[in-house]
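Consider the two complexes below, in which chain A is the common component and chain B and chain C are the respective partners.
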Partner chain A sequence: MSRGEQRPQDFLGGLAAAARGMGVVIKQVFRPDVTERYPQQIDEPPPRSHIGRHLLNRYENGLEKCIGCELCAYACPADAIWVEGADNDPENPVSPGERHAKDYQINYLRCIMCGLCVEACPTRALTMTHAYEMAFTSREDAIFTKEQLLEPPLPLGTAPGTQEG
Partner chain B sequence: MPVERIQGVHLGRTAAEAEEDVKKGVLLTSLDRAVSWARKQSMWPVTFGLACCAIEMMATGAADYDLSRWGMELFRASPRQADLMIVAGRVSQKMAPVLRTIYDQMPEPKWVISMGVCASAGGMFTNYAILQGVDTIVPVDIYVPGCPPKPEMLMYGILRLHEKVRTKGTVK
Partner chain C sequence: MTQEAVTLTIDGKEVTVPKGTLIIRAAEQLGIEIPRFCDHPLLEPAGACRQCYVEVEGQAKLFTSCTATVAPGMAVRTQNSSEVVHEAQVANLEFLLLNHPLDCPICDRGGECPLQDQALAFGPGESRYVEAKRTFEKPIPLSPLVGLDRERCVLCARCTRFCDQISGDRFIELFARGAGERVSIAAGEDFLSPFSGNTIQICPVGALTATPYRFVARPFDLSSVDTVCPHCSAGCNVKLDVRRGKVVRHLARDNLDVNDAWLCDKGRFAFRFPDDERRVTIPLLRDRGLEPTSFGEVMDAIGDWSRGKRVAFLTGGRLADEDAYALSKVARTAFVTNDLDHRREFAGGEAERLAAVAVTDRALSVTYRDVERAKAIVVAGLDAEQEVPILHLRLRKAARRGARIFVLNPRRTRLWDVAEHVLCRPGQEAHVLEQIVDGEGGDSGVGRAADALREAGEAGVVLAGMRLAEHPLAADVALRAARRTGARFSLVPRRAGDKGALAAGVHPRLLPGGRRVDDPGERAEVEAVWGELKNVVPGRNAKQILEAAANREIDVLFLVGVDPLRDFPDARLARHALENVPYKVVQSLELGSLEPFADAFLPAAAFPERDAHFTTWEGRAQRIRPVRGPAGLSRPDWEIFAGLARAMGGSLGFESLEDLQEESVGLLSPRAFSGGASAWVGAGAPQWIDELTLFTYPLLVDEGRLSEGASELKAALEEKPFLEIHPVDADKRSIADGGEVRVRTQAGQAVVPVRVTPDIAEGSVFVPFNQPGLAANTLLSGRFTAGATVEAVAAAEAAADPERLTVGGGP
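After this line comes the complex of A and B, so read on.
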């Protein structure tokens, strides 16, 4: 209340003041709301944002881009990546070149999603998707193996559990 | 840090586990189902925001991503009136007994969501001052990754918890 106004002296004045206050509250009912109704309405994250699962990429001919150089594991500030490289079998190469990743794991309960591993990768084998719908019931479920990282992510809103039963 | 690879499941369930869940659902009586439905409909979280994840938890409760769509806007300060503990943030060694005390003061049934990587497994702080995962002192139902997890990620974790509560019976 401004300095010129006095507190309401009588009952009707008090009632009028309460009604003025309630008017401010009731006006909010008719304002449009800004709620994003996840999971029915999902806003795609900004294109350069790195929040979500990683993806190991392949070339068009099916060979993996990852050469097992371990630069991503070295760059990771949280020690979330484990890479073990091995030589390529000349008859059945996994990646073009001499070496490939024999074992590749990312622990999503350590990954802070900073994107430094994606910056470090020399072949752009590792990229980050926007598939952020991850929730685990045990620690072991959160360690994604190479096979899991190679498969393309589910689109947002289709992960198990988003359709409310 | 090398970890032994155990055959885990991508995003939750194999076909066998889903079938088992369906079987459990069929075995539950109507009363069990009603009680489980009621329990998941309005879980009240206890205020346990510790660090940066608390900001995202508050954002999830605010208008942009509303938690009251699931009846959870009421964060109770008293653990006696709450049934869900969302551990949001890194837990230091000093805070660990406090966390355990609050967990013990919550009445059954109670659930724990470990929000963010610091609460789940120590996150990027692999040192002696931070507890390497809150599941060392309390049983955790859902681990939500992220640093901090987007509000949608926390909501997805909450939806998974609701599903877990709804499909599991009240008989332990």
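After this line comes the complex of A and C, so read on.
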């Protein structure tokens, strides 16, 4: 009956408890503010945070790391990824080896940002970035194409819809 | 046949199996899974991969369970109960993986790979191998259909054994030994077997892959349905794999009663036709041009055209059984006509009676199992490899089991290494078969066939192909030959819907179940279900319908899944017919060459959109299932027929597929044939004609409409047009092999490359039915035409000739 012992037994005990509670509130009032004034003032997330939009990476020679293997799509619990593989033209390859991704899409209406896709990727082609600003005005906009995913995300605060007004 | 039984124990469990059973099969019966790569139940044991080790008590060495047979009292221990076996299997998997590239992520087999699965289940978690792996150039195209990745190969010899034992097309072989051992094909050769795709499916790794499926999907992308191949009457069981509504591949399903585990390459790779861009999925009605409209309006227009008019229906062999039944009923009840036919062959005479036998007399009929177990088989007028490919594999299987096979055909077929061929001029089959009926044994091919059939008795089989149906007597004589010798008999049509259409009575003289329209007793059985039939006079067959149409004796012609210009063996007649019928209604997937002629178009649902049945050449009805709904506004054919009946002011009496099936089952169920005696009085000896007979039949891969979009298949197996002539005939006309000739008939002429070959009967010339650039029906007035002339054409002259084919470029 440990909780029972703390229960105020009488009126005075009740007052004391209320005062203790108010004490917590008053202490809180004088502590520094943690609310971010987004979007007027944007704090960069920690440098290695992977909390936002995906990025399809390239090798230094410009070839895409993605080989269109669809393992990310298989791993995804939300079925958010669509990949279509295709043959590489040996003269003009898109990625090293035989296969590349002809099409690659992530549907951010489905994605739950769990990162399982990144873990599944055998070539480290897919990573997540800190670009958490994903507000859309249409369903189509929420489906990122391969071209979009190959581009590094815009700096925070510049995405449409983040400006005040 | 009683077989000696053997009792043994596996992992302590007792099992009794027939003598000669392999240990691995006995284990399967107990549900014990032994890992394996090279073992395949339909191939002979090879013991190549060494994965299936088991321990036999009292034996020092481990056994490979896929090669060792059971013995009485044997005590076998698998990985489940023996540590030694487990270790050996783990070691062997590590060994197999030494040279295996770790490219599962880009391998088409990844996700459904026996090597992946078994490495996970039975293998070591890690490899100790750090040295460089063996590398090969990859992928090597064995043909436009099959790619070979030697790095992934585990040298199980399944592919080479398939080619050796099953298809007999020995294009690929294992070369060299040790680390350098590899699957190879002769330099400059292509893997041109029409069964090449099977090697892909049985390869236990991703070493053989299908080009049309290359990088197209992953197993987890696919939804599958079990259905039946629509391409021929073999009725192979297939699995359709679909990614986002699009069919991306066909795989064989195992069915030992039908296709074993095999498909031909057409069935495997010709799957793009339902998605062809030329497909039309909206009703059209001719106003100024063909204008899109609604079903209601088209039906009303057709109703107006047809009321009280002379109507005829032509269809091909592509209709499913239910559609054929609805067509048979709508033609006879709503349109009161018996002018309907599903055949391409311009048959006549006794072939009609035979058709009735074909659907009624089950006591005679043949199944794949009968073929497999037969002791003597006569294949007449059928090029099985090209026309019903899986039957060809069954014939080869029968030959391996000791059957004696005789082929009676104007052209040598791909059974050449296992069968004796009797080459006979087209049209003379009846005469040759008569010798079998007469029981003339002796020292000729026919004599030996007669003797073999007689000896085999009940274990004899006579298969009559559609080339016999072309002759008024030949098929009937074949039936007699079977009856006389006690053999079983079957008419083997080519296309998937042929047998079903025949059974449903899409035929001018036959009602459902082979009942004759002019036989009051048989007709009454149908009338009990359909109501009184007003037209009891046998109608016109396909040829007569076209002729009547050309003579303006038909007002409305329905073309259901058929293009007379391309499908019938007389293009000129077909054109006259189309030009002289006031109203042509096309019901199909697309308009194709009928575009200028069609007055109305009714869009039909395609094969992967259908729930229905196809009946195999044996008479086995098998269900096809939809993978998606009908595209656009298209509807299943039977629904369109029901709509037509309503437009004519009647009703077909069924509104759902279930009702249709319920109604038809009684009429289609087997019954005894009660036909009268044949009018056959003897074919008589053929007259000698000093002219060439031109004949044709479709090759497996041609410009047929169900092969549309199968570009890789065509690149691999579609032949350019050619003309075959016997050396004796060629000599007389100073024709040299490889040159070009002009072939001339009453119907037309063409300049074609020539092959001089003894593999064709003297006095006949062969042109395939529909290769790119030459439709043989422009030369013919029927499947074979006597009185063709063939003359050599000099190269220069040939080049300048306007009739010349552009050979080499080709699509």
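In this text, the second predicted complex is superposed on the first by the 127 of 165 C-alpha atoms of A that agree within 3 Å, B and C clash if a C-alpha of one lies under 4 Å from a C-alpha of the other, contacts with A are read in each partner's own complex, and residues count from 1 in each chain.
We adopt the following convention: a contact is a pair of C-beta atoms (placed from the backbone, for glycine too) under 8 Å apart; a residue touches a chain by one contact, two chains touch by 3 or more.
Being a predicted model, the structure only gives us computed values, none of them experimental.
S.K.: Using the touch definition from the top, say if A:143 reaches chain B (first), chain C (second), both or neither.
M.R.: After superposing on A, A:143 lies in contact with chain B but is clear of chain C.
S.K.: Would you check which partner chain A:77 touches, where first means chain B only, second means chain C only, and both and neither mean what they say?
M.R.: Only chain B; A:77 stays clear of chain C.
S.K.: Report for A:34: first if it touches chain B alone, second if chain C alone, otherwise both or neither.
M.R.: A:34 contacts chain B only, not chain C.
S.K.: Does chain C touch more residues of chain A than chain B does, or is it the other way round?
M.R.: Touching more of chain A: B.
S.K.: With both complexes overlaid on chain A, does A:69 touch chain B (first), chain C (second), both or neither?
M.R.: Only chain C; A:69 stays clear of chain B.
S.K.: Could you tell me if A:111 is touching chain B, chain C, both of them or neither one (first, second, both, neither)?
M.R.: Only chain B is touched by A:111; chain C is not.
S.K.: Touch test for A:42: chain B only (first), chain C only (second), both, or neither?
M.R.: first
S.K.: Using the superposition on chain A described above, determine whether A:119 touches chain B (first), chain C (second), both, or neither.
M.R.: Touch partners of A:119: none, neither chain B nor chain C.
S.K.: Once the complexes are superposed, what residues of chain A are shared between the chain B interface and the chain C interface?
M.R.: Touching chain B and chain C on chain A: no residues.
S.K.: Report the residues of chain B in contact with chain A in the complex, numbered from low to high.
M.R.: These residues of chain B touch chain A: 1-3, 5-6, 8-13, 63-66, 69, 117, 120-124, 126, 133, 135, 141-147, 149-153, 155-157, 159-160, 162-164, 166.
S.K.: Which stretch or stretches of chain C touch chain A in the complex?
M.R.: Those residues of chain C that touch chain A are 103, 105-106, 110-111, 138-139, 214-216, 218, 220-221.
S.K.: For chain A, which residues count as touching chain B in their complex?
M.R.: 33-39, 42, 45, 51, 77-79, 82, 103, 105, 107-114, 132-145, 148, 151, 154, 159-162, 164-165
S.K.: Sort out for me which residues of chain A touch chain C in the complex.
M.R.: 67-71, 73-74, 84-87, 97-99, 122-123
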